[in-house]
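First chain A sits with chain B, and in the next complex the same chain sits with chain C.
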Partner chain A sequence: MTSTTSSADASPPPIFPLHADHLVLNLALIALLLPLACFVLLALVWPLRRAGRLAGWLSATVAVISFGASARLLMLVVGGEAPLTETVGWLVRDGKVIASMGVHIDGISASMLAVVTLVAACVQVYSLGYMAEDSLPAQGRYFTYHSLFITAMGGLVLAPNLLQLFAGWELVGLCSYLLIGFYWAKPSAGQAAVKAFWVTKFADMGLIVGLLALYGATGTFAWDAHLVGIWATAVPALLFMGVMGKSAQVPLHIWLPDAMEGPTPVSALLHAATMVAAGVYLIVRAYPLFELAPSLLLAMTWIGASTALIAAATAIVQDDIKKVLAYSTCSQLGYMIAALGSGQIMGGYFHLTTHAFFKSLLFLGAGAAIHAVHSNDIHDMGGLWKTTRISALLFITGSLALVGVPIFAGFFSKDLILEEMLEAGQYVPVAMLVLGAGLTAFYMTRVIVIAYFGDAAEGAEHAHEAPWTMLLPMGALGLLAVGAGFGGDLLATLWGQQYHFGMTPIGITTSVIGLGGIALGIMRYGTSTWTADLLGGLRGFILSGPVDRFWDSAWRQGLLPFAQVVGWFDRYIVDGLINMVAWLFIFLADRIKRFQTGRAQDYVFAVVLGVVAFIAYGMVGA
Partner chain B sequence: MNSFPWLSMIVFAPLVAAVVLLAIPTKSRTTTRIVAITSTLVSLVGSLRVAIGYLPGGGYQFREHYPIIESIGINLDLGVDGWGISLLLLTSIIIFAGAFASWTLTQRDKEFYVLLLALVCGVFGVFVSLDLFVFFLFYEIAVLPMYLLIGVWGSTKKVAEAGPFRFLFRLLDIGGKEYAAIKLTLMLLTGSAFILVGILAMYDSAGAHSFSIETLGRATYPRSLQMWVFPALWLGFGTLAGVFPFHTWSPDGHASAPTAVSMLHAGVLMKLGAFGVMRIGMVMLPQGAASWAWVVGCVAVVNIVYGALAAMRQTDLKYIVAYSSVSHMGVVMLGAATMTVEGWNGAIYQMVAHGLMTGLFFALVGLIYGQTHDREVGNMGGFAKSMPAVAVFFTIASLSSLGMPGLAGFVAEFQVFLGAWNGPMPWWALAGVLGAWLTAVYVLRAARRIFWGAGPPARFTNLSDPVGTEWVALVVLTACLILFGVAPRLILDDIDTTTVGYLDTISQTAPPQASAGVRP
Partner chain C sequence: MTFTGIESLTLPLAVLALLLMVFLADLLVPAPSDGRQSDAQRGLGALTCVGLVGVILLSWWMPQGGLAFGGAYVQDAFATYLQRVLLAAAALGALGSIDHVDRNFPSRQGEYYLMLLFSLLGMVVLAGARELVLIIVAFELMGIPLYVLAAMQKRAAGGVEGSLKLYLTGAVSSAVTLYGMSFIYGVTGTTNLTAIAARLSLGDDQGPLLVLGLLLSLAGMGFKIGVVPFHMWVPDTYQGSPTPFVAFLSVAPKAAGFGVLVRLFVEGLGAMRDTWWPIVLVLCVATMVVGNLFALSQRNVKRLLAWSGVAHIGLMLLAFGIATVQGIGVLIFYLTAYVFTNMGAFFIVDVVGQDGSDDLDAWQGLARRSPALGGAMLIFLLSLGGIPFVAGFWAKFLLFWAAWQAGMGLLVLLGALLAVLALFYYLKVARSMFIEGTDGPAPRVALPTALAITIALLGVIGIGVYPQPFVDAALAAAAGLLGG
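Entry: the complex of A and B
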């Protein structure tokens, strides 16, 4: 505990550089450290935390300020501020820093930070209304976790190297665990939280080994290191394993639907807009590494496309409105991964941003519906269009953006992905994605028809509109769900790329298929006479959760019994052998002690025997 | 350099307090505690002073020298380097917390504190001794009081009789506290015999008529000697470090021991073993170490994975934590076996991180057990409702043990994995990473079963959060876990300087692959 400088360097310890004259850095630090200060305050000052409402307003205010700083930062970066990196040494080896912590600000990180803080601010304001019925200490705890989340996610986004990105990655995973298990008294919430942690941590083993291999090959954790030989493929492949867990790609997507046990605003922020997109962000960030592994990119395209299709098909049979949206998130993340796999980083990233807006809007809308009827089941809703007109309108807006109806945000980003992938010659994956788009339209229509236009279920007739704290952030996201699609130019500027939108055949095809899906949905669920089942026999198979069952049996019939055997072996064989040694000594002592009879005659006899032996030895030896 | 004998103060303050306690009437319970805690505070302040005053250049500092038996070269020769200050800090933090954690003890509390303080004097002594004989002496002082501490103040838990050695259970009273105490003592003393033989062999071979670690360290030992002395030291010290298959004293011992003893034993004493393997075995016998490194590493990997799997199977809370120690000490030994800068830095850091983490765990387990008088995880549930603070601290300890960035455990494990990846057998790192995941599995499962869910069950009605002095241990240990997780360079720079110094010495005598660093 001497000084924080290395032995060779006698200068005073570097304190995190808050330069009075460097606006860009200061803004980034405000966005990052203000929520951290709020978290520390709420964590340590328990009367404040347990006061609940005050903690919530404080946390939400900080989130809004954090967004303000990020927005200003983004404007500066768009205005041409040069990329900036500021770090302090964190780990040393042989007196030299091998890993540092700090901020790296460029077009990618600044735009992602703005998206994250915007959605976070909306969600926190919304939570002020949504969580109002929970107990005050619970509300305080909720907002404490949220403040930590902004810092962790900000640290991930602004990371100057992959190690800090990993640190943020694990910390957002922690926030996810805590918030999924927010209602910890509920057994299903506890199981879902632990499952989410286990599955993502399982995938993170790949990420850690990837970091080790990167360090082994280059001595750094830089994402633009130049790798050669087998490491050029192995390192990004290992990193991608982590991505599959975090961004819920088949077959590691199983935790995401369960994660819906958390409060709905949490699902909007962590499990739709930002945290699950961290995997996509990692690939975008570390694309210089991924670029060198064409076979991995091809695999990514297929995994993404399969996830997009499988998850969309699964979403159709869900009755829980949040589960529909959860599978939809998996599916949309599949689009992004497929795009990145085809080398379309711009398209994948564009879809990440638009998706963040409309999917969080959808979750917040679903939250408003759940808030109104106190049930997640779409069949318990019905007729919400009449009772909660504003939130219904916003939910439908979000759906149109998700389906990709022209003008709405999702249309532009999805169109860009498909167009570019088609140019890259990925015909089969494109076909899968187009089909997925049709299914997307179908399942969203199903939800809207049943929940908003169907016959009002018992209890749903008296549904009431959400308070303004909930409607205001939904409105803001609604505007973005409509307008964010026109931000393509801005994004392209940040990336230094060309982007111009044109109505192409693939765009028209997708739109037509999307509208067809909507029409089919209305026909199928709008009238009760039309009984054909789109998925037929597949429905039962999907509902039985085949992937989940596979992992469950690997756990129940693989790992647990193995651990049982190891534990038994240790207690009864390893320890048994050691006890056996103890017994051996007891046994020998028992035999030897018989020589000590305690009778004088025996001892005299032994002495005589000894003397005779000595004499004999002397005579023979001489 | 420093006229004030800081190290003697740190080492002997607990011993002085132990003597003072003997003179105090048994009834003055508060006085007993104040004396004990004051002495641990003196050591803590001393350790902080030494850590802050340690100059960046490396090498042994704060030297003290008092002759004992000059004719055969035995001296009380004290000094610390970067490794020493880290472990001094750890020990003084743990004993300070442990003294508070024993506050509510009622049975023969004066004798308890006397033994505890004598024990910790031995631990401090090992970390600062520069004389191998005195080192061994302190080592024995640290090990022996454990017999009484567990045998008198421990708890008994029935173990199901099964397996091929079923007939031994009644005979040896397996699961009883006396059984645990004698098992621990016998196994560790058997290890000590190996250590003593090793030390004498080195003394004899060096021929310098000195037990000074520096003098012995400068000597060159024939390869044939190193080839058998190193494994002897590894087995001897390794038994205390919980090296497979000589770890079985640890689960029984830690489960039977009272709270503060478990904290000290798992938190600090096991580190003596690992420290011995590294400081005496590897640094002084580099050729033997390099030849045996693959065995040490492979066994460490077994420790990590096997310990984690065994922990997963346990249903007794103390056994879960005890097996997690077996697994995490494997990480220390893995770092040591890599013989790389990252690996050794990580190994020392893991000693500190694991010490703090497991100390916190046992303090919490003590708090829970003190109220429930039940350690069976399956009987618990929903405790977060009645003891929310305990739930929070338990979660933080769990997160550190599974390697969550921001807590000390991550800094340590990650460096060990880096070292392993760049060491002689890169696949060790894979096993280490797998172990970290298995830790997440069993530790979060335990946390969920204890604290989450509806409850608590009706039979646990009067559970509550800690009161008064019980908070001290939890707050201190948690604060340190976070501090060393966020700002590792508080101690890492000094550890690094020391490690590099040792490895430089080794690379002059040992084959080049032993000091393999980052591949260019």
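Entry: the complex of A and C
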């Protein structure tokens, strides 16, 4: 990695150099600070915030400009601009920088910033349509939080050291909390918000201690610091604990499905494309640290692969379209973590970017469907192919990208991961991931067949197509869901690596298994005439005799029980354990409450008891 | 005793002068008949506040480093830093009290501010006291007005009760402290802390009697700052006392108490750290754990903040126990951040609770009824919880940093775990404000209270965004004390 981190400079850093001619730096600052200005404006000028629509347009415009700046920045970096780090001392002691903040611009951060601002701009424009039915002050609040999120995420991405990354990390967590609990009238939203914050904060405990240990061992918060001895394993392991919370890895993934209580565009931006990927981004950034801990990398591979498989299996039995996508996000993050664990940073990062596009597209598509029928349940949808043709097409495009059908984006990144992992000799995890790909194809097909081609449910016959503000950003993401896979070369240039795509055995295998999953899904759920027409002959053959019995038993005795067991385990054991810990604390707190009797003589007695204990210690101990 | 070095007493004398001014003004201002509110009475609070701001400014102008009373009082950098914190807390407290006092006991306003200033005088002296007798005297001067202030709401349920509990445990603790200090004097033959330190550095007479004296003094001090198991008065007294006074009570006596702890145990008995550190360690862990556990199930916001305060004291005790320049510097920086954070939070509690309920239910939907109050409270809560870009983050971060440097990795781990636990109850309040409840009218905020909240907010955000000058000053003050 060619980072030129200067956060450990001995000399006191200069005041932020705002060179009029330094385009790269200025673009980064525009992308970062314009949303901040928008947030401050909306937070302080309450008539503007309460105006709602105006606040929304302002916020969306700022997001688009922010994307424009980051796109130009990315072009400059691709064009060969040298990596750049500008920091300003945040906390300096005796000429030694304890904490600094600033921007670090290289291929990784510039491309991630472009992805974040692009998805953010799309989601904000989409929200203008999606949130139109909410009250104006509520819309104002929504866009205020959104602007804060872009700044926080930008600060995380451009962080020149792990401390600033952590600061951004906590702020995006706060935005997530506020946005999950956005629909305050629903009690479940409040519970989900608290749960999300609490679980991720629990994981952040590791991150905090890891950062302190890093500083204690090396005297800097730089991600390319040189660690030795036990710290070489302990520090990245502690950091990884934070990653597991933020990027929803088993068993700390339990907050993500609940987080779907937030507005759907929020799920698209925070809980699919950007914020949950921050954990993966942290590993990519701090890879020089992780590299030193082979045992941790191995554990990461297994945790990632398990998450990919378990979450995919759980997604099969969900009826809430957003929950399906949430488990799918866990699962895809598992792919990335597994790739990073096997040392394939390029593959993991590539999948992060493509996933950001197609998963946010899927969420926006799901949002359009929910917008049309006012329900999250796929069984309440049905027949949306007829009524909302454009968003249906876009949703299917996103699904094909997720499943990894050739030429769609997900195919390239998933293929790269599996290919590289296979070369690294990770056979069992690769098998788990390939199986996960099959399950992915199956659950997405299930959603599409039921929600878009199934018999129209009551109320879904007269669903209306989404307004242009929603369709336009979906279209943009749709193009990327198809085309982003061809960006591998660009990404490889940024990384200074070679990337040649070729059809490999593992790619073909995965594609075949994916198509198998699709076929299985259509056969299992496709009851309408459309599927009968399309697959008439094929279906006739497959459903006859032994083939049918094979599939049927595979479904009844294999997949379904497996998915149900995993889902049950997830709901009651993993979730239950965490709930039990919380309950235990509250129980304990209730119990010890009786020591606080409220009687003054007891208080004095406690004082005397303390003094006696002191004296006893003094006599015995000293 | 000659009065050499009277210029070193500038700050205590200035507070005394202000006190006399308020006293005179109170005599001159006609007491309103039948207990109604009057502008002249309100002016007493404004006078106190403005006067205190003047005293703070004075602290930059006065001579530094001098001794008074034959070395019993020292105006060193540590004292000055702590006094600024105390004065700021008092000024902020007076500003935030103006509306509350005016509403609840309009005819006794002079009494309120006088008691506040008397207590402050004790604290200001305490910050520079380097002699056992002066410490005791200043301690009582600080404590007794607090008992009076806690009982200002004579007729409110719990008002007198809270004060009585504070008084009873306080009296026992004072006796214990005095008893302990008599042992220290008996063994070392001097009451001057510098002389005691010099005696100890000779390496002999660390006998059991000295240890006993040390432990008893520690127990007595523990009461003032609310360390487990001497903490039980805290929630009851907070609940029953006027809320703006609680804002003051929750920070200023703690700061003064930690000042004395540092003077006595680091400056004076620093050579015996091996003896007192194990006890402080136990107290610190117990205080953090108990404070956080009790806070978890509270539904009364005043009590919740009281218990959260106990937990914070545990963290500060850790900083104190490190007893290096870093540790002490972090301790007084933590106190600074805590003054703005906790006082701001209590002022909002006062605003929300003016209808009579401090229950969490009264907070429902606050963020929608008044986005400004909700947002401000969220920032205070985040600061208490230690989230970046607000003051509390740097306090916690630097504390963990100093503890890690001192090789206390396990304590950092425990602190981080409990910090997560703490977020749970801070979020409970945030959840009430942001995610629950219905729309309704915004609570009334008087101008002085709004001003006090704004200043606290600016302090919290200012320290959070640009901590450098505060950290520098705190570490310089600590370095001056320990000669590092």
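Worth a mention:
Going forward, the second predicted complex is superposed on the first by the 509 of 622 C-alpha atoms of A that agree within 3 Å, B and C clash if a C-alpha of one lies under 4 Å from a C-alpha of the other, contacts with A are read in each partner's own complex, and residues count from 1 in each chain.
Note that in this section a residue touches a chain if its C-beta (ideal position, glycine included) is under 8 Å from a C-beta of that chain, and two chains touch if they have at least 3 such contacts.
No experiment lies behind these values; they were computed from the predicted model shown.
Within the superposed three-chain model, A:His464 lies out of touch with both chain B and chain C [touch as defined at top]. In the superposition on chain A, contact is made by A:Ala600 with chain C only, not with chain B. Using the contact criterion defined above for the overlaid structures, shared-chain residue A:Glu170 touches chain B and also reaches chain C. Once the two complexes are laid over each other on the shared chain, residue contacts for A:Gly618 go to chain C alone; chain B is not touched. Once the two complexes are laid over each other on the shared chain, residue contacts for A:Trp198 go to chain B and to chain C alike. Shared-chain residue A:Ala589: touches chain C; no touch with chain B.
When the two structures are aligned on the shared chain, A:Gly610 is found in touch with chain C, with no touch to chain B. In the superposition on chain A, contact is made by A:Phe562 with chain B only, not with chain C.
Using the contact criterion defined above for the overlaid structures, shared-chain residue A:Asn579 touches chain B, although it does not reach chain C.
Taken together, the two structures place residues 89-93, 98, 166-167, 170-171, 174, 177, 181, 184, 187, 189-190, 193-194, 197-198, 201-202, 204-205, 208-209, 212-213, 215-216, 582, 586 of chain A in contact with chain B in one case and with chain C in the other.
On chain A, the positions that touch chain B within their shared complex are 1-7, 10, 89-95, 98, 166-168, 170-171, 174, 177, 181, 184-187, 189-191, 193-194, 197-198, 201-202, 204-205, 208-209, 212-213, 215-217, 219, 559-560, 562-564, 566-568, 570-580, 582-583, 586. If you check the complex, the residues on chain A that touch chain C are 43, 46, 49, 89-93, 98, 137, 141, 166-167, 170-171, 174, 177-178, 181, 184, 187, 189-190, 193-194, 197-198, 201-202, 204-205, 208-209, 212-213, 215-216, 582, 585-586, 588-590, 592-593, 596, 598, 600, 602-604, 606-611, 614-615, 617-619, 621-622. Note for the complex: chain B touches chain A at residues 48, 51-58, 85, 89, 159, 162-165, 168, 171-172, 174, 183, 186-187, 244-246, 248, 252, 306, 309-310, 312-314, 341-342, 345, 382, 384-385, 399, 402, 404-406, 410-411, 414-415, 417-418, 421-422, 426, 429-430, 433-434, 436-437, 440-441, 444-445, 448, 451-455, 487-494, 496-497, 500, 517-520.
Note for the complex: chain C touches chain A at residues 161, 164-165, 168-169, 172-173, 176, 208, 211-212, 214-216, 218-219, 222-223, 229-230, 232-233, 235-236, 275, 278-279, 290, 293-297, 365, 368, 371-372, 375, 382, 387-389, 393-394, 400-401, 404-405, 409, 412-413, 416-417, 419-421, 423-424, 427-428, 430-431, 434-437, 467-468, 471-472, 475.
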